[in-house]
Amino acid sequence: MHRRFTPLAAIAAVAALALSACTAGTESAAPLTGRQASQKAAQPQTVELWHGFSADSEVKAFEDAVAAFKTKFPHITVKLTKGVQDDQIIQAIRGGNPPDIASSFTTDNVAQFCKTGMFQDLMPSIQADKVDLNVLPAVVRSYTEYEGKRCVMPLLADAYGLYLNTKLMDGNPAPKTLTELADLAKKLTKRKPNGDIEVAGFLPSVQYYENTPSHLGPMVGGKWYNADGTSAIGSDPAWKQLLKWQKELVDWFGHDKIEKFRKGLGQEWSDDNPFHKGKVAMALDGEWRNAMIKNSGIDLDYTTAPLPVADDKPGLYGSGFVAGTIIGIPKGAKHPEAAWQLIRYLTTETDGLVTLSNALRNVPTTSAALQSPQLAKDANFQTFLDIFSHPKTNTLPAHINSVFNQDTFTTFIQKWEQGKVKDLDAGLAEVDKAINDKLKLAGG
Amino acid sequence: MSLTITPPAQNSRRPAPPTPRGMRARRTLHWIAVHSLAIALAIMFVGPLVFVALTALMTDSQALTSTLWPESWNWGNFAEVLERSPLLLWLGNTLMYAGLATVFMLLSSIPVAYALSKFRFRGRNLAFFLVISAMMLPPQVVAVPIYLLWARAELTGTLWPLIIPMLLGDAYSIFLLRQFLMTIPREYTEAARVDGCSDFTTLIRVVLPMARPAIAAVALFQFFYCWNDYYGPLLYASTEEANWTLSIGLASFRALHSVQWNLTMAATLLVIAPVLIVFFLAQRVFIEGVTLTGVKG
Amino acid sequence: MAVLSSPAPPSRRRREGLRALLWLSPWLAGIVLFFGYPLVATVYFSFHRYDLFTLEFIGLENYRYFFRDQRAHTAIGNTLWLVVFMVPAQVLFALGTAQLLTKLKRGAGFFRTVFYLPSLVPLVAGTVSFVFLMNPSSGPVNQFLAFLGIDAPDWFGDPSWSKPGLTMLALWGIGNTMVIFLAALLDVPKHLYEAAAIDGAKAWRQFRSITLPMISPVLMFSAVTGVIYALQYFTQAMVASRVAAGVTDSPGTSFVPGYPGESTLTLPQWLFHQGFRDFTMGYASVLALVLFAASLALTLLLLRQFRAFTDTER
């Protein structure tokens, strides 16, 4: 644990409560300099690392990777805390009691991390250690920096594609366009006598697990932001195309039927995931699902494919959404040099990356690791490696209010699905306005 | 259709007093109605706890079904909860938070209530006004600057920001204690002063013994307030799982440690149980204390 | 004795003032540090952009944003819903149960204990339990309703039923108010009822012309404190939405309160989210001042009730 109750210290601190409270950050902890890394890091020390993995197999894989680090750097002990979410990381840094290393599943907050200095600039260390950033694919580099500031490193990447249950697909090929997807979704859906859904071909609801706007957007090439950071959602016709397609399919199912079905489904990260259980024939999901299906020990015959794309944009087929796990050193870390050693090891050493990738079935983020013969590949996983390296594949552009913006959009889509939006253009204009107002408030 | 006009009853013009028999029958009916309503309400009040307990004893798969009675009694669920989550650690933190806060509150609030009720001075009404204002102020209103104070003191991530302020008095407790102390006739404290007691000895010898029920009630309320508190620990300690309280742990239990309802309910039951046990041990203090809070305005 | 009852001489009164000050000083320090300073600082921050790292004066920008912030409006609407529906429901239900308890000839103590019991259940535990009990697939509540032939809603998963669901939870934990009302009802002198009964007043008339006036101060006090608690309503809504949304709460993503939809988003939650999740502390300060204005108005209302109290002395 990071800070235990120490009554004396606490009472002393009260006495020290200064009158002005304008800067909450701690200045005591050393920033990362990149110099004297070796001598300082050589003393025995313990670094604290927070990560987001929570499934038992993932936690173990990560622990193993860290254990391999320990054999190379025996003087550094690593204390791992699992299942940490961004909320906790942000609050800990803002409150001035961060871990030495924090890792996040989402790239949503990278802009905030880098812009405000919540995570330390890694460039001095990268240059001091002569790490070549060109080993990272461009899309990966883009989501780990903001306005030229590199404050996090990519740990592993996630690519999103379509999972297809072979038995439920009943010999149909993977859909390549939105029209094919909708037709097939209807064809493969099985209903109970009272109209309730028994098996869904494809669930179009944005509330269904990975069906977030950011993951769905690449199917139509939806654009999020203008160059100045204002919203482009209302002005890009691609989103309207996606939403109209989606609403048509939702209405075919019946919104209430979808909700009822969705509420009865198992938890996404458990073995009760509806794709595992054969309750959905096609599902948008990340490459990690391969590992989860394997680890759950069920006998499921399935294939994977890129996401279908808009009928009028066949050139997008094969691309998809990419993001990944990031890792960095928070402002106020107690052992930044040792932390950097660990980050460098985890994010650039080919062996470590390949081992981790093989265990988690995530996409490794360096070219060397991608080409490593040790990287376990099968057809289902290869799909995601291909999506990952497709030239049109993109990520959600970094934005200081990324979470707010996505949430605003998602909330709007939920209302749209429910049929509560009469005028789509006006509704999207309001989404734009909410995003732009918030941008102004944040001084972006 | 035959029209049978019932002749008006003989006693219709001048209602006779109901016979003792009729009265008893009506009373019995009333008795039955009132008691069945009470029983129905009792079931509604206790039902949820019963279902929580039953679900806590089911297997994972049964908890997802619609059957209400456990097919097998899985007492091991409680052990599994303790194994999966650091419930005992959270219990320790909660006890420490609630215990220290209560002791600190008593040490700081009794003197204030004593001064407010037994001293005559200018600004007394103003002071009481401050007590009520502080009591009524939603904690969220002043949360931002206070959070910054604690961040500056590097105490965010712990429960200390919730405990230490108790050394400086708690408005709600001061209010309740003051209301009670006002009912102690001034003659008692005046007499003690005439006998040469200082303010302090008057408080210890005269006021405290008389205020014992109020103090017990206020202490209980404070303890339970802390035991229940979710907002405070969420604000200050949510980043450090090692410093969580039961409230935070339980609220995150389903997302973090188990998606199974049976285990979640077992954890819930483990959090509820201590409170109910204390209640049955100190029921009188509770009811009297609550009555005290309903002070007529 | 004559000495005691005469008004205190001015010098003695001043000395008593000093003694009082001595006794009150730690608390006064607390008032300054945790009440006075934060209020002033909140006003100050409300004119600034502040994220704990940088502080920048932006004039009325935060206030302007308040008028554009749809979620803040939704949150205020939800908080008002609680004031308008939940609080009266609580008061009426508590009064009803208390009244029932006074009518019981047998087992009044037992029933009082049973009715009171749920109010002891820790808020978080009670909320988690209710989300389970009222879940649509395996919860007993909906099964019971289905047994009666009622197509039950998906309480905490349906935007139009989540607040009624929270109201049920509030009614369940009515114990404290009920005990207060019970004490007040028992305080009403019996002879008043007897006199009314002789005059032929029926139960309802007795209640209206005797009970209600006699307990109205207590009723008023409960209603106003009920409203003030409704303004602070946080824990139950936050926990219910978290637990109910648990299924879709994937790791890594931030949790925005209010699930389902924004139906359980209350003003304090939005303030908390703005201040301590988004760290737009300047804007959170504006929300805090809105909350402050509302509770201040109610406090003044309450103080009028107390005016008699502050001046009299027994």
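The chains carry the letters A, B and C, assigned in the order they are written, with residues numbered from 1 in each.
Here is the rule we use: contacts are C-beta pairs under 8 Å (C-beta built on N, C-alpha and C of every residue); 3 or more make two chains touch, one makes a residue touch a chain.
The structure displayed is predicted, hence computed values, not measured ones.
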**Message:** Closest chain to the protein's overall Cα mean, using per-chain Cα means, please.
**Reply:** C
**Message:** Once every inter-chain C-beta contact is counted, which two chains account for the most?
**Reply:** B-C
**Fill in**
Whole-angstrom distance, CA centroid of subunit B to CA centroid of subunit C, is 13
**Prompt:** Where the CA atoms of subunit A average out and where those of subunit C average out, how many Å apart are those spots?
**Reply:** 39
**Prompt:** Hey, what residues on subunit B touch two or more of the other chains?
**Reply:** 145, 147-149, 151, 259
**Prompt:** For subunit A, which residues are shared contacts with two or more other chains?
**Reply:** 17, 21-24, 54, 83, 87, 91, 94, 267
**Message:** Two-or-more-chain contact residues of subunit C, please, as numbers and ranges.
**Reply:** 33, 41, 52, 137, 246-247, 276
**subunit B-facing residues of subunit A, complex** = 1-5, 10-11, 13-14, 16-18, 21-24, 26, 54, 81, 83, 87-88, 91-92, 94-97, 266-267, 270, 272
**Prompt:** Residues of subunit A touching subunit C in their complex?
**Reply:** 17, 21-25, 52-54, 83, 85-87, 90-91, 94, 104-106, 108, 116-118, 207, 209-210, 259-260, 263-265, 267-269, 403-404, 407, 411, 414-415, 430, 433-434, 437-438, 440-443
**Prompt:** For the complex, which residues does subunit C have touching subunit B?
**Reply:** 4, 8, 13, 16-17, 19-21, 23-24, 26-27, 29-31, 33-35, 37-39, 41-42, 45, 52, 97, 100-101, 103-107, 111-118, 120-126, 128-130, 132-133, 135, 137-138, 140, 143, 172, 175-176, 179-181, 183-184, 217-218, 220-222, 228, 231-232, 234-235, 238-239, 242-243, 246-247, 249, 268, 271-272, 275-276, 281, 284-285, 288-289, 291-292, 295-296, 298-299, 302-303, 305-306, 309-311, 313-314
**subunit A-touching residues of subunit C, taken from the complex the two chains share** = 33, 41, 49, 51-56, 58, 61-62, 65, 68-70, 136-137, 154, 157, 246-248, 250-256, 261-262, 276-280, 283
**Touching residues on subunit B, where the partner in the complex is subunit C** = 31, 34-35, 37-38, 41-42, 44-49, 51-52, 55, 63-66, 68, 108-109, 111-112, 114-116, 119-125, 127-130, 132-134, 136-149, 151, 165, 167-169, 174, 182-183, 185-187, 190, 194, 199, 224, 227-228, 230-231, 234-235, 246-247, 250-255, 259, 261, 264-265, 268, 271-272, 275-276, 279, 283, 286-287, 290-291, 293-297
